[in-house]
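Common to both upcoming complexes is chain A, partnered first by chain B, then by chain C.
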Partner chain A sequence: MSQKLNSAVNEFNQEMKPVSLWADAWKRLRRNKMALVSLWVVGFYALVALAAPFLPLHDYRTQTLSHTNLRPSFKPAGQIALEAVEAQVILLQERVDAGVESLKPNLERTLLEVESLKAALVNDPASKNVYIFGTDYLGRDMLAKTIYGARISMMVGLIGTLTAVLVGVIIGAISGYIGGWLDNLLMRFVDIMYGLPYMLIVIILMALFRKEGQSSIVILFVGIALVSWLTIARVVRGQIISLKNSEFVEAARSMGAGTGRIIFRHLLPNALGVIIIFTSLSLPSFIMSESFLSFLGLGVSAPLSSWGSLVSEGANTMELYPWQLLAPAIEMTIFLFCMNFLGDGLRDALDPQSKNRT
Partner chain B sequence: MSKYIIRRALSLIPTMFIIVTLSFFLVRFAPGGPFSSEKKVTEQVLQNLLKKYHMDEPLGKQYLRYLGDVLRGDFGPSFRYRDSTVNQLIAQTLPNSMMLGTIALSMALFAGIGVGIVSALKQNRWQDYLAMSFAVVGISIPLFVIGPLLQLILGLKLRWLPISGWITSRDGWKTLILPALTLSFPYFAYIARLSRASILEVLRSDYVRTARAKGLSERVVIGKHVLKGGLLPVVSYLGPAFSGIITGSLVVESVFAIPGIGRVFVQSALNRDYTLIMGEVIMYSLILVTMNFIVDIVYGFLDPRISYK
Partner chain C sequence: MKKSLFVFLALLAVFSVGAQDLIIANGAEPASLDPALMTDTTSSNIGFALNEGLMVYDPRTSKGIPAMAESYSTSPDGMVVTFNIRKDALWSDGTPVKAQDFVYGWLRTLNPDTASEYAYMLTMVIKGAAAYNEGKGPASDVGVKAVDDKTLQVTLVGPAAYFPDMTAHHAFEPAPKWAIDKHGSNWTKPGNYVGTGAYILKEWKPQDYILVEKNPKYWDAKNVKLKSIKYLASDNSTTNYKMYKAGAVDWQVGITVDLIDEIMLRKDYQVSARFGTYYLSVNNTRAPFDNANVRKAFAAAIDKKTLVDKVLKGGQIPTDAFTPAMVGYTPQPGVGYDPAAAKKYLAAAGYPDGKGFPPLTYIYNTNEGHKKIAEYIQQQLKTNLGIDITLQNMEWNAFLDMRSKHDFFFARHGWIGDYLDPNTMLDLFITGSGNNDGLYSNPKFDAAIQAAVRSSGDARMKLLMDAENLLLTQDQAFIPIYHYSNQDMIDTNKWGGWYPNPLGYHPPKFIYKK
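Presenting the complex of A and B:
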């Protein structure tokens, strides 16, 4: 590959300017429409998640008990609540007219509710709130909830991926460069870890070390990161082994570079492509693992919420209030979708085998 | 070959040993005993309970006892369900999960390979684009989103299918459709992509060109030459697929209220039913490593390029 970089003609006899791997990859990525759109979407998600405290959102913890389970709408909440209750009045009136006497107290109570909501429309500033994603069973804004859930999910994904990459790269590099018994030992260990049903181990960890009513997010990190560095370690090791006997490493060594310098300055930059591909593909899988655990009730616990726990909450009420399921589900699916496209796009762009082919 | 099989079979022993050891010590070092969340019991009662579960012995002895029990296939009594042993709980629930998993995996295999073949043969035509966009959706959406969405649309809105229950209930086998669809969807999508990619690669290979040059009919070329090589990656994907189906069944059984081992496993994790957790993890691991073993052996028979020494 290093030879090809300096030549002015590629294997198809096409004239070419020498370009850096990154410029070349960027050029290829830009040509991939889906990946580019995905990049924008992911960027938008990241921006919203980062800027969430400064955005004009309703507080995601504030409970407005007169505005529970409102449907998504651009109209002010007071009006939506009123419409919902008035519809209930009509329903009850019909039943009472049909002779169901036992519902009479209900009807009277609902009529009172209508009056108080009408008064609130004027007096209560909260009735001017607009909930474009609707509200949940405690009258909390679904938009704010899903954005804050996205923050947690994305944070777990990011930290998990970074830990995995860091540990995996270091172990893979050492194992590949030093070789011998150390390599043997580390790789046997990785083999055995591969044989373990890792999700089950994470579930055991969560079950055992999670404290009731306390945020267990740290254990979640540890649990997921503990088992996720294996793949990257193997990949990096392979890259290092294939490169460690090449001339440029020998040159560096002959000039007196130490082991650490050779690994980090000369070998790892060559493995950066695979590391980036791995990172972008494992971020969505981390988010999936976290949400999977949260969905089962073994992940982040209240008051924190993530996409997984929001979907699980929404699934309980989907028959009557489907938006409580749909809002986090669709939001999450779009993000994972785009991450997968972006990962695929990066892989195509950075794959050295497809380099310089037009 | 037989030498390889024996060596590969022997390598299962250390993996299982590590799993048993790991789960035993993880559970023993976890904060809070299995009895800590119950209402206050007197010292005497606690002592008796500890004695009943042999938890008053030194750790080493407990470990050896547990190893011996597991070797005899006895996972001991459940901490939570006082009247049943772990073995009974597993025996009641495992067959249901096996059935669901088998159905889901066969659906994923048949549909996935079929779609993969069609889109490879119709590369860059609408059939291909349609199938592959469908497959990307399948890979991106988590199971716990597909499950409730299918329940909402096919069950609650259209009222075509029951949303939960098991074959023993009133709705009978219809209860199987939604969970099996949900569980198979991601693996269907992956297998479709995998078989498409590898069939495309094989189509360009020299031996297929040779077969065509010999004048074989397209049917024979595809059926006898392309599929044989093109489906090998699917065989090696079966191992990860098994493990995915097992973890996936945790969610699917919870969503669809299926009396399977996955739901019991989640319950036992939430309840901290230690013996049950250990028993189930060991059981799961045994199934998993055995399946991987079988897949490896089968792969060796199918792929003529691999020779075992």
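Presenting the complex of A and C:
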């Protein structure tokens, strides 16, 4: 046991492993059932999103035009398509019998489609496809689309959150702890960035950097990263200012700790709760702002999609084909819920003030 | 107190709803209300309320019927047309409408400084107009003359029998010189606007709505039934359709492709063939589209029939040509769907299997229907040619601006005829035409069109067919997709005076509530 130089000793003079902040937090997180389930779910999402190219999915780009707007089912697509078209034939027949001449060509075409679908049941391997989430308006698999949409949305959330935490926390902490002219300078810069409308920044970036034939997704990431850290920088600065004159900081300073050590070892762990709450709350807002940009044509463009663009497409056909809205919306809602629970759990686990609570 | 306030508000609500007789979901925000500058159907729908030319489109047939002109006569050789303007025709500010106002309006459209995209429509038929428009001739040589206050004489380049029909178009409307001199480009704002139409511009909230009210000074005011009309600006056709279903909109221009399976079963869905074509504009002056083989490869790689049958389902007709079939005119065959031929064309252009093809963006204006077509085309090009393209949607005005400045490679385009004659389609592609966004230019094509103006009857149709053959089979100046259909949501049991017609123009002066 002598090799364990760093080992500590408890009140019964027994050797024990020192418990780091993270190990302690992990122990407490494990006790929180909701957070643990959420962690598993988020992990599962991340795994599926990462492994998407290797999963046995239909290609999210393939358009099977005889299979448009199919409802979710475990039955082969050819059969579902046939049922849907036969139902449409009955509706059309009713209207034609009621004397609507203009629908006759539609009826004839739909009858032909019934024939070709019947033939396809035998000949066409595509008619054996199973779409458990249904298909969209061009006969693409909704399951594959939502999974590939998750990749983009989670990436947007991740990039936004990472820059927010890295840049925002560092700038906020430095500005709050050092104060004076540096604080003034940094915070006025943040004010200026706040003053610029977010949309304008993205549009200017697009105009400057966009190339013919290039997808705008990279510019979108840069745009989101540019503005994501502003709020958190202010929040952290406030926290640091309120903590920097407390006794434990005094103590650290009197023992000769440097600025960096005080900020990163003493002040930030105490501000962690706020940072984590803010991060878990801002992740959904990044996903939302991406969907808004996509809607304006500044975000992802086809054949790529994101949860936001899938939901806005699905909302258009909500009454007729509800699964086109529900599949991405439910997937997205579950993810955001889990992120919130996980954020909650992490805050409880990491907050030094809650150490004595069980 | 609270109760009386509530009653007051309720009354106010009732009155403000009852104040508009007809509410139209008109699509996007109009680009301009200046008759010389409007080019899109969104603007021109409103233009039909605010202004009237010598003729007006017949709501049933789309042919011209006398409006500001009481009558007209054509000289025996067909070269000179004389219009007699109504004695009781007044501008909305009470000034009598004079022949001079037409001369001013037409010369204004032609003036190179106005930069009207429709100037070519006048230059194709009116003598001396082309020279003036190009800055090579004086305005006084243009063949339009006010003989007296109420007589307008027009000298044509050739015996164009369709000329009177053409004058129903906005480019041939008179212009109020006094208002334009006073307000400059602000003359199209509410309060400044002076028009000859059955309605006056009352309110304009950009991106929201335009409100027009009945013009009491209009010559035919006693036959104008609707007191006011509201044109809503919203390019989300799903929202428009929901408003229509909820009764908040009386007439939806266009439909939402998403819900076509439901819409086609409705009684108030109006569908009819339309004299126009949906096509993909390619910039003929930029690589890779400066190579006819690339253009042909694209044309042969897109299966238009499947698109129309399986996705659009709204009465459109897939086409490889531009001019729809009409009496005496057979559409040209063009390049049809053939993936094998498409690959050969692309290889001949130096990009076998799409290798080395430069990155390309397809632009379209924001709309669910255009989006579906764009995604379909993207996938067709990928499957049949191995080419990846990026899609980009844009706001309507920004899109029009980019396209008309020729600052694009590959763009959505659609063209609705302005009168029922092949010329309204083919004139688009003459060199220098304001709507020739793809900058197609072939002197042989120009010469054939010019020759057609000077001839008549079957010989003229033959010349035009040859021209279209040149345009498509040889040069493939653009990629045709389908002929439009008129698709509107309006209950014709409730609204009279609204009929399906080939051009899809519905001058509101004829519409009434049954």
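Throughout what follows, the second predicted complex is superposed on the first by the 226 of 358 C-alpha atoms of A that agree within 3 Å, B and C clash if a C-alpha of one lies under 4 Å from a C-alpha of the other, contacts with A are read in each partner's own complex, and residues count from 1 in each chain.
FYI, a residue touches a chain if its C-beta (ideal position, glycine included) is under 8 Å from a C-beta of that chain, and two chains touch if they have at least 3 such contacts.
Nothing here was measured: the structure is a model prediction, and the numbers come from that model.
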{"item": "Touching partner for A:39 - first (chain B), second (chain C), both, neither", "value": "neither"}
{"item": "Partner chain(s) touched by A:186 [first = chain B, second = chain C, both, neither]", "value": "neither"}
{"item": "Chain B versus chain C as contact partner of A:292, first or second or both or neither", "value": "first"}
{"item": "Which superposed partner A:319 touches (first chain B, second chain C, both, neither)", "value": "both"}
{"item": "Which of chain B and chain C A:199 touches, first, second, both or neither", "value": "first"}
{"item": "Touched partner set for A:341, first chain B, second chain C, both or neither", "value": "first"}
{"item": "Touching both chain C and chain B, counted on chain A across the two superposed complexes", "value": "211, 296-297, 315, 319"}
{"item": "Parts of chain A lying in touch with chain B, wherever the complex brings them together", "value": "192, 195-197, 199-201, 203-209, 211, 284, 288, 291-292, 295-298, 308, 311-312, 314-315, 318-319, 322, 325, 329, 332-333, 336-337, 339-341"}
{"item": "Chain A residues touching chain C - in the complex, by the definition given at the top", "value": "61-63, 65-66, 68-69, 88, 91-92, 95, 100, 102-103, 105-106, 109, 137-138, 211-216, 296-297, 301-303, 313, 315-317, 319-320"}
{"item": "Interface residues, chain B side, partner chain A - complex", "value": "14-15, 18-19, 22-23, 26-27, 30-31, 136-137, 139-145, 147-149, 151-152, 156, 243, 246-247, 250-251, 254-255, 265-266, 268-270, 272, 277, 281, 284-285, 288-289, 292"}
{"item": "In the complex, chain C residues that touch chain A", "value": "238, 256, 258-259, 261-262, 264-265, 267, 271-272, 306, 309-311, 313, 315, 358-361, 366, 368, 371-372, 374-376, 378-379, 382, 388-395, 409"}
